[in-house]
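Each of the next two complexes has chain A plus one other chain: chain B in the first, chain C in the second.
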Partner chain A sequence: MEKKIGVYICTGCGIGDSLDIERLSKVATEEFNVPICKTHAFLCGEEGLRLIKEDINKEGVNTVLIAGCSPRVNWDVFNFGTNIIVERANIREMVVWSHPPGEDTQELAEDYLRMGIARAEKVEIPEGYMPEEEYNKTILVVGGGISGMTAALEAAKANYQVVIVEKQAKLGGWAAKWAKQFPKHPPYQMLEDTGISSKIKEVEANSNIKVYTSTTVKKVEGQPGAFNVILSQNGKEEGIKVGSIILATGWKPYDPTRLEHLGYGRCSNVITNIQMEEMAAEGRITRPSDGRPAESVVFIQCAGQRDPEHLPYCSSVCCLVSLKQAMYVRERNPNAKVYIIYRDMRTPGQYEMFYKKAQDDENIFLTKGDIVGVTEDGDKSVIVEVDNTLLGEKISIKADLVVLATGMVSTLEGIPNTIEEVYAQYGLTGEEEVAKIKEVIASKPQPWEGVLNLDYRQGPEVPFLQSSSLKKLSDFPDSNFICFPYESRRTGIYVAGCVRQPMDMDAAIKDATGAALKAIQCMELESRGRTVHPRSLDLSYPIFFLQRCTQCKRCTMECPFSALEEDEKGTPKPNLFRCRRCGICMGACPERIIGFKDYNVDIISSMIKAINVPYEDEEPKFRILCFACENDAYPALDMAGINHLSYDVSLRVIPVRCLGSVNMVFISDALSRGIDGILLLGCVLGDDYQCHFVRGSELANYRLGKVGETLQRLALEAERVHMEQVTITDYYKLPKIINEFVEKVKEIGANPFKGF
Partner chain B sequence: MAGEKAVSETVLVVGGGMSGVTAAVEIAEVGYDVIIVEKRPYLGGRVVQLYQYFPKLCPPLCGMEINYRRIKSNPRIKVFTLAEVQGISGQEGNFDVTIKINPRYVNTNCTACGKCVDACPIERPSEFDYGLGNTKAIYLPYEMSFPMKYVIDDKYCDKCGKCVEACPYNAIDLNEAPKDFTVKVASIVWATGWRPYDATKMDNLGFGQYKNVITNVMMERLAAPNGPTKGKIVRPSDNGSIESVAFVQCAGSRDENHLPFCSAICCLASMKQATYVREQYPTAKIYIFYIDLRPFGRFEEFYNRVKQDENVFFIKGKVAKVTENPNTKKITVEAEDILSGVKTRKEVDLVVLATGMEPTTRGEKLPFEAMCDDLGFLVSDLQRPGIYPAGCVRMPMDVMTCVKDATAAALKAIQSIVRR
Partner chain C sequence: MAEILEPDVNFIKQIRGLGGASLKVCYQCATCSTVCPLSTDDNPFPRREMIWAQWGLKDRLIKDPNIWLCHQCNDCCKYCPRGARPGDVMAALRAYCISEYAVPKFLAKWLQDKRYLPVLLAIPVIWFLFIIAVTTGFHIPKGEEIDLAEFIPVIWGVDLTFIPLSVLVIISFAMSISRFWRDMKRVNLTPEQIAARGGWLNIIITPIKEILAHQRFSKCGVKKTRFYFHFLILWGFVGLAIVTALVFFRMDILGIHGHISMKNPIKWLANLAGLSLLLGSLILLSDRISDKETPSTYFDWSLVILVLSLAVTGFLTEFLRLGGLAGLACFFYFLHLVSVFYLIAYLPFSKLAHLVYRTVVMIYERYEGGI
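On to the complex of A and B.
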């Protein structure tokens, strides 16, 4: 596209009062020979917009640069249709609202205008990545329990085709074994039917759903819209094509044989809550030792849970399950006695009403307490000794039956989900040659049974967070799980139900319905050339000039979403439907061969080059370049402006998609041009990371650790480049962070490359 | 509906908090039109008033910025703030909804330059800060307000006209009147959320009587950098520093005289707020009085982290009484320690009542025949077809669960469009 740039400088909101607008205009007209440069006191008003629209219509302006407020505001006002490029130079929040009028502020505004024009000259309109073959819109649901069946039905009701793969011979999962479920409807006191059998019938009758039972997923290759899935059914293999995947393989009970201290395996009448449920479903509550109906039952809560030796977490439902099972006992036998020994009763929300009902039953005795002994007497009755009770004394209960409220373990437990864990299983480090790695892996059968078995560069399963205390017990999916709980590091694959977190049936139904929405959404967005969260709707995509690739593999290793596979030599093979457009590959590539039409090395290098670096003055004028993550640090800088907080005027900010997209070449470019220091503002990294692309800020930090070499080559001090982790609300800390860095650079002295 | 295609392909989302915003963007990104109706002058709901989320201790605005950007980049979403649903008629696939827009008195010309605020002579207590601070009668709700437009509180504005004179952009119209209009929608997501239970109703806990007794939502504003104290946690009586804090759990919750249910998140919220205090005051002591601690699921780990702090004490016991020393303004909290059986008294600088979430539907007349339980929550599967409750209006839940719930409601709302 032949560009015709129009620069429009707004003088409102204090801009005209602070700056010499005529001088600013000359940057556009004289330095850059921009054909059209106009000013207006209220550019976002009707008249201002008319001015721009007239130039678009009559003068053929197709690239508009607004010098005024932040791009985070008036995005809707300065929108002239999809064919007109709109760029923004933020001279309001980042210049006049955060700096007092004067020569330095004028120079700052001029630099932002230069950087804006440089960007406007290079930017192209992205047209969206369209699939080469038809984008498949079938959903694969792995797991046929309550979550899997719900996800399938809800997607089918929205007219999507669904395939369910269930490992067992029948649909239904654990909940199919339950006699009843705890109350879901007001007044939240009556046990309810689980609804599982009608759900199974509904699934089986739905023409949009195809069910494979006794089937596992042997392998998944490809990408959203074109996943090739190999199913294994009784040793027979079948290949299917799907567009997106919902992982709903659920949970397994914690191994009760590890609970010998609570009598399991040692006392014949100590059972788990699962065994209790199975008995109730068969219509009896009896002692395993002699089949006699149980007249007294003790429930031991948190059995092997909230315990660093067992499950460190709480399984969320066991208090309610025991209350439900207490009802089974009480409904069956009006004289039966129930004892529930808990640490904390956890009956959130309306479930409190159910707890209340149990409290009102005088034959249900509830107390906090610590179990100090579980033994068996001559007639196989169980003696439970409890200390620290609410009665203030140690008590001993003789019961016919003891039920251990054991917890839920994710079905992903023990399955390697990263490539490093896979290598470890084979005694490899990953440093070996590709051929050697392949040989070792092919030499023996896979030592674990995977769930998805993704044929991905970075490992076979969806990465989960693994905090130190939970160790191998998988935690939430590796994502910003509070605000965006469906996101994972595997695009088009969504996790639902107890596989990711213990939850009750109502929560699993909601979770699965949401996952179905996300699976549908991914297919709808991508098939229209757009990307998914967090850059939802973005049309740009990375373009690789592979002729110059040196097979260093940094991009394939660093992509947080495993979007890049490798060929035999190690050349990246992009799977763009796995890509989230963060630009981390662009930041990784030492050859600078990866970029987007509207965001690439050339654009950013041009912006850096556009900064005027004065060198003739006797007192050196410092210039500090700042790369700010556009998701958090840039809004924080905006908010500093809105609050009129002032910081050092030598700072020039370039927003980046993610700090991980900052290529180290930007650093050497800037320093060799005489920029005195470089500040990188990115998101918090580590266990509680806030990076929207999971690994971006961490990678930036890692790469900076290695930038010393470049600086050494330039004979520059390492302290000239610095990274800070900031949150979006750290705006009030920014002046201090910025000023301290600038002071440090000033102490080091001016960059000797100035003027070269 | 069977056999018919929906007349409208638009979904109405009522409520612009975490649940409503999530439902809206999720629906629009599938490719349907959405209208968000929010009663307040801005989006973001209660979460944007929080300082941090548990368990990551990260700022809510971080995720909200992404959601706002999703709205900004999606022309399918229309946002109406200061708006209320007046009436709903019709049925699934073809609802007629009357929406009333209350005057903002500030039009789209507003550039958020802030000149009006300097000119305005009137102050009002800030709702955003739960009355802990003031704003002018014309104000920007918060730095990241969506929309980024000022608003006038007509309960306080006396129409002196000084802001009109000060505004260079002709953006203020003091005579703006409310407007009504009708939209056609296929389905409705009802996500009007919750409000903090009115703590003045518990006369034994001293709220409203003693300045140094605050609620948990107020504590969030005290800790927030954009709050009335710029993030410094102080005693409201004298802005003095803090040596000790007592958290009173289940303040009005699990209580038949108040909210009989459990709000599910208050234990975790108090643990989180304990970390706020501990970060600012290295020697401060924290006492958390509870009935049962309920950091459900994986949040147990967060509890373990807080428990490791030797200055945080968990005391099992319901607080019976709260009294003030009129001279020092210190507060004595009285409870029976259930485990030791002895009465405990703790004199502290600040008492935080962990008040619960009352659904906004409790005791309110809704513009449709709603199925509420006795507690005031909308029962999700008993509503009339095409109306889907989501988030804390359905049951008390944490942020992550709200997002999941809203995403689920998004699919149900879409099914109402595609159902044939």
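On to the complex of A and C.
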């Protein structure tokens, strides 16, 4: 496409008062020979827009550069159709609103205009990645419990075809085994029926849902819109094709045999809450030792939970389960006494009313306390010894029955989910030759029973949360618990219910509904050539110039979403429907052969080169380059401008999709151009990461650790490059962060490459 | 191994019935202990008493001096986030404690159960009717100066009724309190330690001075009115007790009979004390009626009504006597004597027993802690 660039400088919002607009225009007209450069006091108004549209229609302008407000605002106003490229130079928030008028500010505005024009010259219109074959829109739900059935019903109601795969012979999962569930209706005091049987009937009656029971998933290969799934039903295999997957395999109880210190296995009348529930469902509450009705029952909360030796977390439901089971005891026996020994009663939301109701029962006794002994008496009664009680003393309780409130463990626990763990299962290290690895793996049956058994380069299951050193931090799938809980690190695979986090039935229903929506969104967006969360609607996709690939495998290993498979030699094979367009592969590639039509190494490098680095002056003028993540750091910089917070005027900001997309070549490019320092602003990394692409800022941090050598070769100080983690609400901290970094660079001194 | 706990569910039920209905919902946040002036670091009152009550630990509670040190200022009830009303639970515990230590116990049960009210009233009514019948034969006095002794002779109706009654009450209290003291006592002081606390006299006198001055009531946050009515009623009773003693002296020692002149300072004191009692009981009544949050049991109401009836019947008798309405004066004098009988005879079993229990605990407090 032959480009005709039109530059439009807005002088509204204080821009005209702070800057010499004529001088700014000359940057476009004289330095870059842009054919059209106009100024207007109110570009986003009707008259301003008419001015641009006239140029598009009469002058043939097809690339519009607006110098004015941030690209984060008015993006809908400055939309001139799919054929017109619109670029923005942010001279409002990042120039006039955050710096006082003067020569330095004028130079800053000019640099933003230069970077904008450089970008406008290179950007191409992305056309979207369209599927080669028809995009399949069937949803596979793995797990037929409350979460799985809810997800299936919700999707089926939206008229999608759903396949439920359930390992057990019947639908219903754990909920089908429960006698009652917690109160869900005002006044939140009475136990309710689980309603699971009517849900099973509803699923079975729905013509959009196909149910496979006694079935497991043997293998999943391909990508969203084209997942090839092999199901195994009683040894019989069947291949189906689906578009997206909802993982709802739920939970398993914590292994009580590890709770011998609480009497399990040692005392015949110590049982778990699961056993208690099963007994209650059968309509009796008796001592296992002699079948006599239990007259006194002790519940021990947090059994094997919130304990570094066992489960480090709280399963969130056990307090309510014990209160519920206390009600069972009380309903059956008006004289029975129930004791609940807790660490903290956790009854969130309206369940507080239920807690209060249970407490109000004269025969239910609660205290905080530490269990110091569980022993068996002569008549098989259990003596529970409790210390640090609220009664102010150490107490002993004689019980007919002791119930351990054990926690929930994800069904993914214990299953290898990284390729390294898979190798370890086969006694391999991964260092062996590819053919050898394949041979060993093919030679024996899979030593574990997987859940999804993904045929993905990075491992067979959705990844768990990992620390910076790739150490596994939990047995739950990695997702952002607050912002996007149903996402997994495998595009098109959404996780719902207790497989991702312990929760009660109510929460699981909400979770499953959310996951069903995400699965639908994914299929609808991708089948239209657009990407999924968090760059929803983006039409661009990575293009690989594979002729120059050196098979270094960095992109295939570093992609957080395992979007890239490898051929035998190690050349990446992109599965673009698994891709989320973060550009982490682009940042990883040492050959710089990965890029997007509107975001690539050439574009960024051109922007860096467009920055004017003055060198004649005796007093050197510093130039600091800042790569700011579009998700949090760039908005935070905008907010600093909106709040008129001032920071060092030498900073030039280039927005990036993710810090993980920053290729180290940008660093050397910038430093060899005479830029004095480089500041990377990205999301929080580590255990509580906030990176929208999970590992982007982590990888950027890792790569910066390695860039030191390159800098030394250039005889430059490693301190000239610095990374900071900021959240969107950290905007008020930015002036301090920026100014401190600039001060540090100034202490080191000007870049000796200036002027070369 | 620690002692095996066996909660007393019956005890919990009784406490709930005595005005502590909300006790089970306490979730031990200790907001009450934070606001309670009695609470210290190693004595989280009333938080710990609340869980003892929830667990039905009767033995720990009945001998717990803390429940008696509580003046029910109800700051805890105001701030309790759970509506567990610790202050009311403490009041219920006190009521339970009175019946637990009462000698004989059945009388305490009767006092807490409105079904026995007719019986309790019948006793003095029948007694006085009997006295009147055998002495004056329902003779209504006549003349300008009405002498009520002509209706009920002082020697029979007052002296020979109330002196033996008081002796019985003292014996009852002595038996109750000695058991209570033994149960409550956690330390045994040596004579040197007692001397260090200023001797028994000081241990006993100081708390009584404190009670008369109402020092603890003046610390109450939520219920300022408690200070006023309690002060007025207590001093009313003190004044009337003095008057009674003086009249007894004048009549039975000096042998001066007949009604005391209105100009006599003894009469001034009697009227002043009566007024104090009337005013105090009226404030108490209006406080009980206007306070919709605090549950008022029969046990509470019976004391309010009793104090009020004492004052009202007393004054009515006086005014009617001075106004020359002999018949009515006799009638109210009769009612007044019944009220006084009710007050004195049932003192160790009614809510008014706190007069003794609380004083004893405050003495114990000084004995143990030397505060």
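The rule we apply is simple: the second predicted complex is superposed on the first by the 715 of 756 C-alpha atoms of A that agree within 3 Å, B and C clash if a C-alpha of one lies under 4 Å from a C-alpha of the other, contacts with A are read in each partner's own complex, and residues count from 1 in each chain.
Here is the rule we go by: contacts are C-beta pairs under 8 Å (C-beta built on N, C-alpha and C of every residue); 3 or more make two chains touch, one makes a residue touch a chain.
All of these numbers come straight from a predicted model, not from anything done at the bench.
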Joint occupancy of chain A by chain B and chain C, clash or fit: clash
Contacts of A:359 with chain B and chain C, given as first, second, both or neither: second
Contacts of A:397 with chain B and chain C, given as first, second, both or neither: second
Which of chain B and chain C A:266 touches, first, second, both or neither: neither
Which superposed partner A:537 touches (first chain B, second chain C, both, neither): first
Partner chain in contact with A:727 - chain B first, chain C second, else both or neither: first
Contacts of A:315 with chain B and chain C, given as first, second, both or neither: first
Contacts of A:368 with chain B and chain C, given as first, second, both or neither: both
Partner chain in contact with A:746 - chain B first, chain C second, else both or neither: neither
Which superposed partner A:380 touches (first chain B, second chain C, both, neither): neither
Of the stretches 58-66, 112-120, 148-156 or 328-336 belonging to chain B, the one that collides with chain C: 328-336
Overlap of the chain B and chain C footprints on chain A, listed as residue numbers: 345, 356, 368, 390, 392
Sites on chain A touched by chain C in the complex: 337, 345, 355-356, 359-368, 373, 383, 385, 390-398
Residues on chain B engaged by chain A in the complex (per definition of touch): 25-26, 29-31, 53, 55-67, 70, 72-74, 109, 111-113, 143-144, 148, 168-169, 224-226, 230-231, 254, 260-264, 292-301, 304, 316, 338-339, 341, 373-375, 377, 379, 382, 395-397, 399-401, 403-408, 410-412, 414-415, 418-420
Residues of chain C defined as touching chain A within the complex: 1-7, 9, 12-13, 16, 24-28, 44, 47-48, 51-52, 54-55, 57, 82
Residues of chain A defined as touching chain B within the complex: 12-14, 41-42, 44-45, 69, 73-76, 154-155, 157-159, 185-188, 306, 312-316, 344-353, 356, 368, 388, 390, 392, 467, 469-470, 475-476, 480-486, 501-503, 507, 509-518, 520-521, 524-525, 528, 532-534, 536-537, 631-632, 635, 639, 642-643, 683-684, 688, 690, 692, 727-732
